[in-house]
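Each of the next two complexes has chain A plus one more chain, namely chain B in the first and chain C in the second.
For the complex of A and B:
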């Protein structure tokens, strides 16, 4: 039985497909849209379509961009001798926010996960190798997620890139800044000890 | 760790049950099916966020109700109080826990915060069941003592599933998988070696405790022993590094078999904890009595082990043990239990407890149709 209307149900179903949105939230959002002024809904609808039409992947680093190559790859101020390898475009945003890193990026588009049917050929690894052939690079930083899939991808890339002879590093895994040692969970603490550095 | 009070709402046959606990021995007396074990299950929810026997949270809902709540106040050895609430919403299948009003970062983070040892008829599969039952026992004990171990277990399980998928796919569509397997093998070995090394160390630390406890309960001159039987071939050296290289060699050696089987064949997920009395395998050779005594010894050893590692005496839950043991062994177990810390026991009658503890040496509750009343 339909308590609302077919359009509302359709919109709610569409919202329900989004990550982190459950059935109830999807309905609440749909009803909220109904209450919005017509202009606001137009803006939202246009924004949705624009994202699909205007945004593309940078042909160099595969980050999301509206201009190819992307602002980072095109910038003369960036250090072109360092490439930071990440899983997704939002990882680029996260690192950019630090204002510390001045090198370039390479977005793999995910991590190895046989359970999801993702193998090396599904990631932009060939593109990375081709990039290294044409662009002189001094260092590759592997900055993948600290989970099982990110770890396996790091190990895979390490085996692949070691023979190339470029300096290969990975970001440290350890304690969050501003926290106390005694409050750190054992797993994080033991990884931090494992990855300790000489002074 | 001691529980000061417990409250259960819509929990199995308890519409609403609340009682104040004795810091020592609490005995719940009632006929079968009146709801005694449910009380221990409720305490298990407070300590472990889950039941000690039921796989699904939904089964703990009182029939016809939407949500259950288990609530209790823990008092730690240092005097700190932890007001703990675990509630489960049936419709959304959502379980929420709060400690002093705050949600912990994860359910896994709670394991070991309130150490608990449970001895129930279901546990007989530790000595009677398959290797998986014994691995589960070892993993639960170590996890309560070491959060890092639990993280390793969860990680290993994930790596194993990923690696098995590659092997299974390859069996259907044969080709070269060496390159695809390599990173997963390396993860498997790194994480698995930490688990194996920890388990081997655990068996070394745990065995003396088992021997002591066995002697106290059995009062016969028998020698119980534990032995870690790994699928990874070690040459005596069980340091994490040595296990890692041995593990890597073992995986390499079984590569052809793995490709045929489409499965990961070596590692902590295939290991066995051997149990013997006087060098004879428990499984196949031991009497019923020996099985039970061994199980009780394992549980008492678990209490001793956790007390030392968590710096906190675990809560002991004894479900229907008196009817399972002969009177002599039962008395010894009860005497032992009361010296270890706070204990919750279910039984169909109280005679045994009056005899062991004296009529005033413990707190007795009557349980009838989901109603709990403290006996004066």
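For the complex of A and C:
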């Protein structure tokens, strides 16, 4: 039985498709939209359409951008001899927030996951190889997630890129800053010990 | 009811913002799906224990007639570090998990299959036996554990053993998992009888391939360290094991992890001189 209106039900159904939004939250959001001033709703609607119309993938690094190439690839201030390979555009944002890294990126669009049917051909690996043919590169940093999929991708890329003769590195794994040793799990702690550095 | 069991994590997928739905193969309850709430949070108590290729002690609320059970606690027992640090070993380990995921039925206990999976991962982790050998042995033993054991020691028709001056292998009969010697095969061809086998369900085996398959099926896994094969033999062995599993297990999909193991990496033309 329809308790509200068809338009609200449609809007709630659309919100319900978003990640982390359940049926109740979707209805709450739909009713909140109803209370908003017309101008705010216009801004929201325009923003949603703009995202779809204007945002695309950078033809160089496959990061999300409105201008091709993206601001990072086009910047003359970036170190063009280093490429950091990441899984998703979110990872670029996370690394950029550190203000530590001044090189370029390459977004693979995921990680190898044979159990989910994701193989090397589903990632932007050939694009990376093509890029290395044209762009002189001294170092490739593999910054993939510390899980089985990220590890499989790191091992695969290492086997693929080792013969190319470019310096290959991976980001360190270990304990988060501000945490306690005693609460760290065995796998994280053993990797932290394995990746210890000389002082 | 809160229950505790040994489990091997088959696969794990993100659920909502912080949770995970994990497919596990347990010693006491067979294959199950469990939900670990808050597992992706930075201070999650499950941490790395719910990654595929982990052996854990799982405590969960088992609810009858439910497809998804709630995890209460999960302690890591083995993370098989050496498996996850080598591409070939990892691909073989993941292929074993793929096979379990595809063949094990939900909530159907099979002690032999659990023990085999656990042992295969331990052997892969020890690193003495080649990954492709462990995977082939796993396939043949898994078939045995679910009721399709091979019988490769002697000819299925004349009964003579293949080793020590006996007859020569032969043809692998997919329907029975047995082998017919060359002599019996040519005799049956001459008389027009197929020895009870459908000609389409026969795979030609060289003597070396037969011996490798027999060792994979029967010798203790840790004793297979000396076993190795050429590319041609490997293709023959891989083909025989694949056809045998496909003959007996309906809807078996090709193993993506195995493709990763067998297929050379994408060729690069960027080699520097």
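Keep this in mind: the second predicted complex is superposed on the first by the 195 of 199 C-alpha atoms of A that agree within 3 Å, B and C clash if a C-alpha of one lies under 4 Å from a C-alpha of the other, contacts with A are read in each partner's own complex, and residues count from 1 in each chain.
Basically, a contact is a pair of C-beta atoms (placed from the backbone, for glycine too) under 8 Å apart; a residue touches a chain by one contact, two chains touch by 3 or more.
Here the structure is a predicted model, which means the values were calculated and not measured.
Applying the stated clash criterion after superposition on chain A shows that chain B and chain C collide. Looking at the shared chain after the overlay, A:156 reaches both chain B and chain C. In the superposed model, A:129 makes contact with chain C only, not with chain B. A count of residues in chain A touched by chain B and by chain C gives the higher number to C. Legend: residue contacts after superposition of the two complexes on their common chain; A:148 is shown touching both chain B and chain C. In the superposition on chain A, contact of A:114 is made with both chain B and chain C. Of the two partner chains, chain B and chain C are each touched by A:185. In the superposition on chain A, the residues of chain A contacting both chain B and chain C are 112, 114-115, 119-120, 148, 151-152, 155-156, 159, 185-187, 190.
Considering their complex, residues 109, 146-148, 151-152, 155, 158-159, 161-163, 165-166, 169, 179-180, 182-184, 186-187 of chain B touch chain A. Listed in rising order, the residues of chain A touching chain B in the complex are 112-115, 119-120, 148-149, 151-156, 159, 185-187, 189-190. Here chain A touches chain C in the complex through residues 19-20, 112, 114-120, 125-126, 129, 132-133, 147-148, 151-152, 155-156, 158-161, 163-166, 176, 183, 185-188, 190, going by the rule given at the top.
Interface of chain C with chain A (complex): residues 10-11, 13, 16-17, 42-43, 47-49, 51-53, 76, 79, 81, 84-87, 90-91, 94-95, 97-98, 101, 255-257, 259-260, 265-266, 268-272.
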